[in-house]
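Encoded as structure tokens, here's the structure I'll be asking about.
Going in written order, the chains are labelled A, B, C, D, E and F, and every chain counts its residues from 1.
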Amino acid sequence: MISPPDLLLEPIVRSALAEDLGRAGDITTDAVIPADTTARVAFAVREPGTIAGLDCARLAFSILDPKLDFRIVVPDGSRVGAGDVIATCSGSARSILSAERVALNFVAQLSGVASATAGIVRAISHTKARLTCTRKTVPGLRALQKYAVRTGGGVSHRFGLDDAVLIKDNHIAIAGGVGVAVRRAKQATGHLVKIECEVETLEQLDEALDAGVDAVLLDNMSIQTLRQAMKLIKNRAVAEASGRITPQTAPEIAETGVDLISAGWLTQSAPALDIGLDFVA
Amino acid sequence: MISPPDLLLEPIVRSALAEDLGRAGDITTDAVIPADTTARVAFAVREPGTIAGLDCARLAFSILDPKLDFRIVVPDGSRVGAGDVIATCSGSARSILSAERVALNFVAQLSGVASATAGIVRAISHTKARLTCTRKTVPGLRALQKYAVRTGGGVSHRFGLDDAVLIKDNHIAIAGGVGVAVRRAKQATGHLVKIECEVETLEQLDEALDAGVDAVLLDNMSIQTLRQAMKLIKNRAVAEASGRITPQTAPEIAETGVDLISAGWLTQSAPALDIGLDFVA
Amino acid sequence: MISPPDLLLEPIVRSALAEDLGRAGDITTDAVIPADTTARVAFAVREPGTIAGLDCARLAFSILDPKLDFRIVVPDGSRVGAGDVIATCSGSARSILSAERVALNFVAQLSGVASATAGIVRAISHTKARLTCTRKTVPGLRALQKYAVRTGGGVSHRFGLDDAVLIKDNHIAIAGGVGVAVRRAKQATGHLVKIECEVETLEQLDEALDAGVDAVLLDNMSIQTLRQAMKLIKNRAVAEASGRITPQTAPEIAETGVDLISAGWLTQSAPALDIGLDFVA
Amino acid sequence: MISPPDLLLEPIVRSALAEDLGRAGDITTDAVIPADTTARVAFAVREPGTIAGLDCARLAFSILDPKLDFRIVVPDGSRVGAGDVIATCSGSARSILSAERVALNFVAQLSGVASATAGIVRAISHTKARLTCTRKTVPGLRALQKYAVRTGGGVSHRFGLDDAVLIKDNHIAIAGGVGVAVRRAKQATGHLVKIECEVETLEQLDEALDAGVDAVLLDNMSIQTLRQAMKLIKNRAVAEASGRITPQTAPEIAETGVDLISAGWLTQSAPALDIGLDFVA
Amino acid sequence: MISPPDLLLEPIVRSALAEDLGRAGDITTDAVIPADTTARVAFAVREPGTIAGLDCARLAFSILDPKLDFRIVVPDGSRVGAGDVIATCSGSARSILSAERVALNFVAQLSGVASATAGIVRAISHTKARLTCTRKTVPGLRALQKYAVRTGGGVSHRFGLDDAVLIKDNHIAIAGGVGVAVRRAKQATGHLVKIECEVETLEQLDEALDAGVDAVLLDNMSIQTLRQAMKLIKNRAVAEASGRITPQTAPEIAETGVDLISAGWLTQSAPALDIGLDFVA
Amino acid sequence: MISPPDLLLEPIVRSALAEDLGRAGDITTDAVIPADTTARVAFAVREPGTIAGLDCARLAFSILDPKLDFRIVVPDGSRVGAGDVIATCSGSARSILSAERVALNFVAQLSGVASATAGIVRAISHTKARLTCTRKTVPGLRALQKYAVRTGGGVSHRFGLDDAVLIKDNHIAIAGGVGVAVRRAKQATGHLVKIECEVETLEQLDEALDAGVDAVLLDNMSIQTLRQAMKLIKNRAVAEASGRITPQTAPEIAETGVDLISAGWLTQSAPALDIGLDFVA
């Protein structure tokens, strides 16, 4: 649950602030709030969930006004209940009001991902299966969303097209089969690159295992086929199951013995966690 | 339903491609697919919805490979059913495979927003109320998400902190009341800036109307209070209702006669629309 | 007179420093001034005027050398006379000499705008008319120039093409009339967007008022026509007069009762204020 | 009169367009003008002057819409009279209207600089003196403004702090004299760097010439002192006169025999040239 | 030998052009060469080597002037002799002269890396060992240098700190041993991340193999120790040897049976290949 | 030996860190090293040389973690022996390990350039000739490499195409001769731009001197021709000799009396200096 370094977060947070402040800044706050007013606010969650993204909130405040005092009360990865205070900030009221929405947008989005992840992780905790995500992410937020998945108890998948080989159905179709595709990939890549191959049938699975893949992506298989696949695999490769994973369907899939379940839904469709900012007297 | 100009979309799409390609590009495709293979693909929706974001898909392909031939079949704003083809692309198989995920991520996210918007718009179509969104958006995608809301039949709200005044509860608390806050805002802003004020009680509403606001944000009021509020307003200001809007709650709220309903959920939590890319023989 | 936040000023000041330092930095100062020499300088105005842009000067020095001690003596918006000291800076002589020109360029340009604004504002102070600017600005400096106008006592106009509707003569010509243009604009824009329409005749004015515009831009009308226009308007819309506004012509125009006078000259042609930097013993 | 390459102009023009388009683009034009309307416009000057900056106008249109057909009628450097058409553009009416103001802002600003330059150049054309500018430029536009000076018949001065040595009064004061300052500069710089030194007295001039400078900046000297200085110099260095240069004062200064006259006013305070855009039937 | 996509190369080439053109562009060429002169040039190598980087040369010319006609004669990866022409370019003489140095700098640097790589690859071609590089690269050019290594016949190592685990001596020292370090890494990383561990002794090697690493980095071991290490490993992990690899030392190391030899020298110290640009009559 | 200002170094160092950290940061260190571990490291050189680039190392650490305490022990320009400690850093072990390679890459590259320069400077120290470099630099690092040349005792040449005129063989060929080329350049450039001309024969040299160049580049001349050239020049211009300069050939060339020797090899092919980072107990 180690956050990406500030070096990587800063440009993202800075862009989000610029997106909100536009050309003239916060004209409401500038007009309505006297310059010397100070305030103290608390970030409070309105519904149960798992927290992620507080470093982005910290940066939103410190980039806008380095004098603000932002304190994390409950760190990323914590499971919280409605009403829990997760962070506080005190200092210039103008600065707090102007950065508030950006800070909340990051924490709400990322805690949404973390909470969705944690929900499925709990549902499959009686199995050895771990939960992971995909490249179905929100443009510009992939590193943050993947961090949120880890924060919620999930594990990493590849970050992009260049850090691992994942041969998909279309690659196989164009290349002319699982075997040729895997062999080409093995020949072209270095010793620190793992190779995973999507398979839709047991025949393809057989071919992939024979070609020596590191992992297989069992896509949209029935529970029965998954069980047969696991027998075939016998620890020769990491087994990842995918396809319309929900908290309801996950346990049965996990019980087939797969190592990993991957869900695009976590980073593409998980609802934001409801978090508000309360002014403290 | 006019898309932001390419000038504004390009940096966002370019960043998304760079995020996915990383430092070494698409190592799977480069290894597995011969350089001279061509392909033709169809973007097909897997569930009913409303389309938005095809310009981003077009840019994703053309930025990666200007020679790709991307064609929009069903334009943004169209209501589609499962199986409908919304766009096609033909050209280098490598280029298509390398840009595919980024293109899909934009269309899936934005069509998700458009579809959620369209759903509520239909639910309130028997009233005069229109649907709008908030500043609860995904960092970096606000202009695109707001475009998706318009594409789904919603209307624009302010784009950020600088293009309109929206006095919120915390502004009022610090300023010392609705009246003083609105008066300060009117004095500070130019003749082309509208002023909206959030109110939580009928007393605050009265004070805001007296101070001459352009719009009032009726936050989290009961249906009964909303009805009383509408009587008080009598067309003196635009009436916007907010607070936990869903397709279920929206009609009753809309029937109170409010001009606008605003829902943070549209841009913060609407699930992505399921869209896939099929290779065509 | 609230300056845009540092977040928005920093990239502009940083670019200006890079533009001056080039690839090798300040080769004169590096060669001629010993590294450990300290100095204290005073920013002194050489002619009467109104000050704007000191935050940019502060940033120019602090970005180049965070250890410099820059102090504002007379804040933005102050009216000053020849010889007045408006700010001081002390620290490394090398750093001061290397950032001096960039700091001065910002303050001289923006104080020029503020002084020109203040001059006309004084000339029309016996009327209710307020002074505003246009989109005829120096590329890259619009937000700063508009801030300088406010600093000189003027008021804001729209910041760009997206934060308000301003229907101009060419829009009207292509759309086929004032009425149709305004109606299209009202239909397309949200509840927080105001609509202003340029009119050149009383007939167009009538049509615009009937269509329900928020403001009218009375362009290049004679004093007599302006008087007739004001009678027609009768507070139904904000009245803005434009066209070759100078300190000489402004009073008579203002006396017609218009709400606003807009002058492109302020941001396009106002001469810089003469400001120098004196080394203090 | 060779324009900086497009590679250097593009980021400046792109930023200016983004500054104007904001987050939502041109909401007036999008609402009022049908998508398929075409138009043809002419850039017409409203007062006599010298043209500069048409490449920026060309880029403003082509970046926003590559399909626009922009044609230069009268190239940069041409002297024009009121009513002259300097360029035309035809294509999508929406695109033209959205890019119009940015294109005009560049041409008006830069033609203002070129026209002011040309005015003084004509006033001193009976002498051998040439006109140049300073580092008193508008932040972000230095390369363009210096190009405009050349376009108006002026010559280049250094572009920034790193491409030539210019020892100024404060350098001399801190270094402890003209001689030591020049000697340090000569020792520190390479064989392709020229050294100029500001002098305020004939004694300093003598010292600078003895130290072997390439050029002397005769700052704010009386006509009589300038004449004495020129006798002292006897072609041993380039002689540049500066200090409150105007079209009125320039001839007498030029007649003293100086090689160069430099005027900060050209790039800091020259009024924009009045240029408009007319729709052609 | 697939080049990174243009999307990734363009910003690097664009920066290099801007670095060379500065603020005023190529003042020599603009002054000396008439605008309408055309030329045709040939890139000729002056010494034997292996070519890499022609896509960067192509982009340097096309970014500066899209009308130039650049043609690759001998593709990246080709082994060439003195005098061989590898590419030609024809079009505006000014454009060619202004982009020439940047184009050559890329090709000379990257061909230097490719040639050095090819030299060692040939020296170890009688063994199964393959040659790879390290993270000792020139700042800003890593992706290009690693591509040049592949072009010269080498293979990829990790691209940075995030795409594979490489536990080094300092990690081991701080963590408290090879075993604990590897176990922590295995627990923390996803199923597509490989783990390599540096070992300096056979005891450490044993510990690493027991912990289940994918690869071991045998650092600075004697030939005799390497032989013992290979017996110990028995295909349980990829064996990479490093430490002062030169064309002279490489064969003996390769003959120990290691899978990989890594050399920082390739990307840190390989001399540029001498390539010139000849004007063709 | 004044380093470029941090303002210019920061973007380069920040990019280098981003290049190494990728999307997920240092996954090895994050997994293996506990968050609260502190360490102290020493930068030690492994071979004799001259140091350059410590400011880049300082920035690499401070940008990644402002709390690190980096101290320079031996400043840039120092001549060091194997084992010498040149800098230390203490603080978070994670931060040190994550920034280490980037910091070392800068210092190793730039010290390589400085050491190569110092070697030739020593070899010609019995003559009046000074050593300089060319535009044959590593893309993106020119300002840093030129600083390293100065640090090693060399002197500056022009930084790019815009800060001095250097007429080369191809310019002469196209222009139609040395004389016409120089005259065009003199006419086109300002009073602070020096003009150098490459000559390959004594006839060309004569023509260049007659045309009044500031410097001549004697390219690839034999020692005998160089001697004749020096007699011809008689201090009328700076004489720069170039062409395959090495520590072996440089002394004889320098002894011909030339003012400058320029070597592209310094910035294009000098091997990195071997520098390591040792953890201190």
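Everything below uses one rule, namely that a contact is a pair of C-beta atoms (placed from the backbone, for glycine too) under 8 Å apart; a residue touches a chain by one contact, two chains touch by 3 or more.
What you see is a predicted model; the values in this text were computed from it and never measured.
Visitor: So which chains are sitting against chain D and chain E at once?
Guide: Touching chain D as well as chain E, we find A, B, C, F.
Visitor: For chain C versus chain F, what separation do you get between their C-alpha means, in angstrom?
Guide: Chain centroid spacing, chain C to chain F, equals 44 Å.
Visitor: Using mean C-alpha positions as chain centres, tell me how far chain E is from chain F in Å, no decimals.
Guide: Spacing between the chain centres: roughly 22 Å.
Visitor: Can you give the whole-Å distance between the Cα centres of chain D and chain F?
Guide: A distance of 33 Å separates the two centres.
Visitor: Which residues of chain B are in contact with two or more other chains?
Guide: In chain B, residues 19, 21-25, 30, 98, 142-143, 156, 159-160, 162-163, 166, 189, 193 touch at least two other chains, as defined above.
Visitor: Should the pattern of chain-chain touching be classed as line, ring, star, complete or other?
Guide: complete
Visitor: Touching residues of chain D toward chain F in the complex: what are they?
Guide: Result: residues 132, 155-159, 162-164, 166, 189-194, 196, 214-215, 238, 240, 259-260 of chain D touch chain F.
Visitor: Report the residues of chain D in contact with chain C in the complex, numbered from low to high.
Guide: Touching chain C: residues 12-13, 15-16, 19-33, 37, 39, 93, 97-98, 101-102, 104-106, 108-109, 112, 135-143, 159-163, 165-168, 170-171, 173-175, 181, 184-185, 187-189, 193, 265, 268-269, 271-272, 277, 279 of chain D.
Visitor: Quick one: in the complex, what on chain C touches chain E?
Guide: 19, 22-23
Visitor: Under the definition above, what is the set of chain B residues touching chain D in their complex?
Guide: 2, 4-5, 7-8, 142-143, 146, 156, 159-160, 163
Visitor: Per the contact definition, I'd like the list of chain A residues that touch chain C in the complex.
Guide: So the residues of chain A in touch with chain C come to 14, 17-18, 21-25, 30, 35, 63-64, 98.
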